[in-house]
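The data blocks that follow each hold one structure.
Look at the two complexes coming up: subunit A is in both, with subunit B in one and subunit C in the other.
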Partner chain A sequence: MQSQTFRHRVFLFILVAPAFVVLFGVVIYPFFYNIVLSLSNMNLRHIRDWRIIGFGQYVKVFTEPSQPDFYVVFVKTVIWTVVNLFFHVMLGVFLALVLNQKEIRGKAIFRAILVLPWAVPQLIVALTWRGMFNYEYGSINLMLTQWFNLPGVQWLRQPLEAFIAVIITNVWLGFPFMMVIALGALQSIPHDLYEAADIDGASWYHKLRHITIPLIQPVMVPAITLGTIWTFNNLNIVWLVSNAGEPSDQTHLMVSFVYKAAFNFYRYGYGAALSMVIFFILLIFSLTFMRKSKATQNVYS
Partner chain B sequence: MVRSKKSTALRVTASYAVLMVFSLIALYPVWQIFNISLRPSNRLLSTSLELIPANASFGNYVALFTERPFLLWMLNSTLVSLTVTLTGVVLASMCGYAFSRFAFIGKKIGLLSLLVTQMFPATMLLLPMYIMLVQLHLINSYLGIVIMYSATALPFCIWQMKGYYDTIPTSLEEAGKIDGCNEFQTFYQIILPLAAPALVITALFSFMAAWTEYVVAAQILQDTELWTLPLGLKSFESNMGSEWGLYGAASVIVTIPVVVLFLSLSRWLVSGLTLGSVKE
Partner chain C sequence: MNARAALRAAVGLMSAVIVLTAVITADGCRTSGDDRIRLTIWHQDRIDIRIILQRQLDRFMQTHSGVRVEQLFKETEELRSGFIIAALAGQGPEIVYGPSDQVGPFELMQIILPLEESFPREWLAQFDPKGLTWYKGHLYQVADKLGNHLTLVYNRKLVPVPPASDEDLIRIGKGLTTDLNGDKKTDRYGLTWNYTEPFFFIPFMTGFGGWIMDEAGNPTLNNRGTIDGLKFITRLRDLEKIIPNEADYNVADILFKDGNAGMIINGDWSWAGYQNAGLDIGVAPLPQISSTGLWCAPMVSPKGFSLNANISDEKKALALELIRFLMSEECQMEATRELYTMPTHLGAQQSDFVQRNEILRNSRIQITRGRPLPVIPELRAIWDAMRPSYQAVLAGTMTPERAAEEMQLLALRRIKEMNE
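Now for the complex of A and B:
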């Protein structure tokens, strides 16, 4: 008996130890090193003779007048996340509802086509859309001028237009994820619920409000949490579509702002502190959102 | 009754219209990549909206392989992606099993931390690792990039595998025990073969992630000979310059395998994600 528990422990150790060693090296140690960096003055000038300076970098994050301003970037990131998630979920659920009707033929083909934006690598999505937003030769402006007789838009050379361009790109690539999730959730709703509702003479709105939405909610809530984290942290699209924050660093989200500070301006201590701030914002959001949604779930069930 | 039939017909027609419009929106940019790749060099910048460029040719594809080190980048990418995938899947298949089946100290915290890593902004690990790699002289090396990719791939792989093991009934282990297998034999002779679909899917997704990653690679790999495909691809783009056609061709080649895999696997990925997150 003694030897059996011993062998069990050895087995468990063999299973977990290799992954733990690797995770320690590539996640846990760097995480704590990042905390140390965030408390240090490391930058291009102090790359070897850096020392711990306390919370100075955090103070800088919140008070230093930077171009662009931290609070402007923060508000932009919130707008970016909310607008993207709104369109992702609305379009995703709407298309899933349309696609899930029993009269629709060719579901598999439509589904495959509509999933394409998610399937194409983000790098290629971003660079191709950047090309499409080109003022003279991009197809967006060509469509506006040739089909609708509208003037072309300077998409990539003005802050507001560039921000809209980045959002359009990300809405395009993000709705399929929500659609696929919603489609899966819709298919698991038992048909007799709708039949019973039909017998009671319920309108489509009532069925949507009282059957569909409550029943897909438990699946959608984790997906929305995940989508929020991904969108908030999506560096690829903003970095590549705006070509590192053009025009003149006015198209930044928090992730691209910190990436630029760290790797283009070599402000390592500052970058590490800003990373921590972003991380805590997301952590607090996820915890409250999951808790809130758990509360509403309890109301429904 | 007649009226309801009419309204059904209307609803179905409207639905098809909606699906068509969104299909066009989804397809157009993808088609655009293909369109760029076929453009001859004198028509790279055209103001026409035609779907197939005039004088279309496969010249860009030929140039990629004959005039550019595209084949080398492809091999580099394959090597890096395969290494990351192999490490991820081997470690995750073992660790995920422990998380799914056994109680041990730190299990709850471990699982939670894996989830928390998903909230790290890109720079959170990239910056400290970058400095560490500089100190270890691993910048501009494959080992450096493989370490970086493992940091992002491994937590996700472990969650995926754990989620799948959770769906395999524990009675199988008991049956194995009765047949005289020890724990290790039960794991690799009974459970692991059953988890084959999850292994394949976890592998393919971590492969695709490494195959298309740009931002991290841009910091770690500096010599053109060491570049992976995304770095090469970005170098062609340079603001719609003279290599815009090469960019299109390279994109098509990089995208096709990813899209094919993705379309056949998207259902699985989603079930993995929701399994992992819905469970409490």
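Now for the complex of A and C:
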């Protein structure tokens, strides 16, 4: 009996081992190595003779005057994440609700069209939007000036406008994910619940509030948590649409700030400390959000 | 299935995975089923150069049956950071190819080898000294191309004679700048270039007597040349109105290709592309600034080969042989004939083709007037310090005087951060 239990454990270990080896190589080891780097002075001048210096890099992250300023970048990153997530979820859930209606014909075609932004490579999307935001030749300004008789906007030359431009691009890119998730969740809601609500004379709002939202919540909360982490850490869109922080380094997010420190200026210790700060921000957010939204609670209980 | 059978199946599966992994990764220098020694070159060259390089590599492999050479394209930044990471981990390609400014950080990190002992002096003497990058007393790069420099490219249909001075430039530019369809918007501009990168600002800075650093490598961005160069650009846009309001590399490139700009400031990498697009182009040296009497001088850099410090002795001998082959007059002329790249081989420079071809003649004049790209690692800090203020001036949110001041302060701070 004991040897059978042992064999069973060995069997389980063998099943888990390949995944563990891969996880160790690509997640656990780099994560702990990053922690070590964040406590070191590794940079261009100390790439081979680096040593542990304690929490000096963390102190620098919060106190060193930087261009752009760390706190400004942090606030911009929070605004970027909140605004993006708001529109991703609102647009995604709205379109999912529309597509979930029985009366809609050609759902498959609409679904394919709406998923298109998600299917196109981000590089192509970002560069296309960058072209569209050009002051003189971009289609957005051409529409504003020719169709609406409005003055053209300096999308990529002024800090606020450039920030709005990258948000618009990312909203366009991000809503299909939330739509697909919400649509899946909506389709799994038993239809008899709505029929019962109809018999009770519930309005569409009451059905939305008391049936739809609670029942899609277990699916949407992890999606929103993931969306937050992805959006907070999104480098591609800002880097490509704003051409690495244009104008004048005013469109940086924390992750592009890290990229610049580590790979443009070879400040590996500082970059590692900054990335750990981002990690803790996202960890605290995720834990708090999951707890507050009771994501793991069984909605049917 | 009982536990014993399942265990056997799992062990069998694991063994298969391990054996497969071992076969795939066995001996990093040889591909599976291929006994040839593998050499890899990382570079950041565009597609037309890659095609020529592949032809040359194929010829090399025909005469060296025991060697397999692979080229791998990487974007400039990816190449630099990827090579640093790989080489520090004891890995990476045997040969890394690129502009000379990567030598500075690579040398500091000790990830490339000095080459002066690897090549005979007589062999090195065949090349233009500007193509041999010496740094801290050692030769770290041998280049097959010289330039990577900006010139004035013009559309011959629109510009019969290129401008020789800033006054000519404005006069010709004004003649070209037109509202073609009467909608009160400019459809064609005289001149364009990429406004977002300070690399394209350097000719204006030098034309007004400025330079980015002193001989000791300290930044000197707060100078008259920077201020007057910035004022000149804003004058071209806001007063003379001969350049577009906003242009990055792609916009400028498309404007020129579509005939919506008569002239463009662009590098030697762009010429063949414009010809392939059906444009009848001319290449001229950048104009002279009348008030200073100085020519607008772009940065000039060689592009060449360096050896990874981790290379084995067996591979090093082959890699050196490959470099000698790619540096040969024949190989250099192949690229020169097709793409108008300036060769470093003195024999190739003296060839009839280089001497007689108008594009190459003017390219050579521009190279002679240009300033060598500094090799020191701090150059990166200087570019980064210039970018925000340069862009702010073009956005109209900063004066040229303030921009020059900010550039200098930020450069000093960046260099301090890099070297802490």
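Everything that follows uses one rule, which is that the second predicted complex is superposed on the first by the 268 of 301 C-alpha atoms of A that agree within 3 Å, B and C clash if a C-alpha of one lies under 4 Å from a C-alpha of the other, contacts with A are read in each partner's own complex, and residues count from 1 in each chain.
As a convention for this text, a contact is a pair of C-beta atoms (placed from the backbone, for glycine too) under 8 Å apart; a residue touches a chain by one contact, two chains touch by 3 or more.
Just so it is clear, the model here is predicted, and its values are computed rather than measured.
After overlaying the two complexes on the shared chain, residue contacts for A:Pro18 are found with subunit B and with subunit C alike. Legend: residue contacts after superposition of the two complexes on their common chain; A:Thr288 is shown touching neither subunit B nor subunit C.
Applying the stated contact rule after C-alpha superposition, one finds that A:Gly184 touches subunit B and leaves subunit C untouched. Using the contact criterion defined above for the overlaid structures, shared-chain residue A:Phe263 touches subunit B and also reaches subunit C.
Once the two complexes are overlaid on the shared chain, A:Arg7 sits against subunit B and subunit C alike. In the superposed model, A:Val125 lies in contact with subunit B only, and not with subunit C. By the touch criterion stated above, A:Ile229 is placed in contact with subunit B alone, subunit C being left untouched. Of the two partner chains placed by superposition, subunit B and subunit C are both touched by A:Asn243. Comparing subunit C and subunit B on the residues of subunit A they touch gives the larger count to B. After overlaying the two complexes on the shared chain, residue contacts for A:Glu136 are found with subunit B and with subunit C alike. In the superposition on chain A, the residues of subunit A touched by subunit B in one structure and by subunit C in the other are 7-8, 11, 14-15, 18, 127, 130-131, 134, 136-137, 243, 263.
Considering their complex, residues 7-8, 11-12, 14-16, 18-20, 22-23, 25-28, 30-31, 33-34, 37, 42, 91, 95, 98-99, 101, 103-104, 110, 112-125, 127-132, 134, 136-137, 139, 142-143, 146, 172, 176, 180-181, 184, 218-219, 222-223, 225-226, 229, 233, 235-236, 239-240, 243, 254-255, 258-259, 262-263, 268, 271-272, 274-276, 278-279, 282-283, 286 of subunit A touch subunit B. The touching residues of subunit A, when paired with subunit C in their complex, are 4, 7-8, 10-11, 14-15, 17-18, 41, 43-45, 47-48, 65, 67, 127, 130-131, 134-137, 154, 156-158, 243, 246-250, 260, 263-267, 270. Note for the complex: subunit B touches subunit A at residues 8, 11-12, 15-16, 18-19, 22-23, 25-30, 32-33, 36, 45-49, 87, 90-92, 94-95, 97-98, 102, 104, 113, 116-132, 147-148, 150-151, 154-155, 158, 182-184, 187, 208, 211-212, 214-215, 219, 230, 233-234, 237, 239-240, 244, 247, 251, 254-255, 258-259, 262-263, 266-267, 270-271, 273-274, 277-278.
If you check the complex, the residues on subunit C that touch subunit A are 3-4, 6-7, 10-11, 14, 17, 77, 81, 84, 88, 105, 108-110, 185, 196, 244-246, 248, 250-251, 377, 380-381, 384, 387-389, 391-392, 394-397, 410, 413-414, 417-420.
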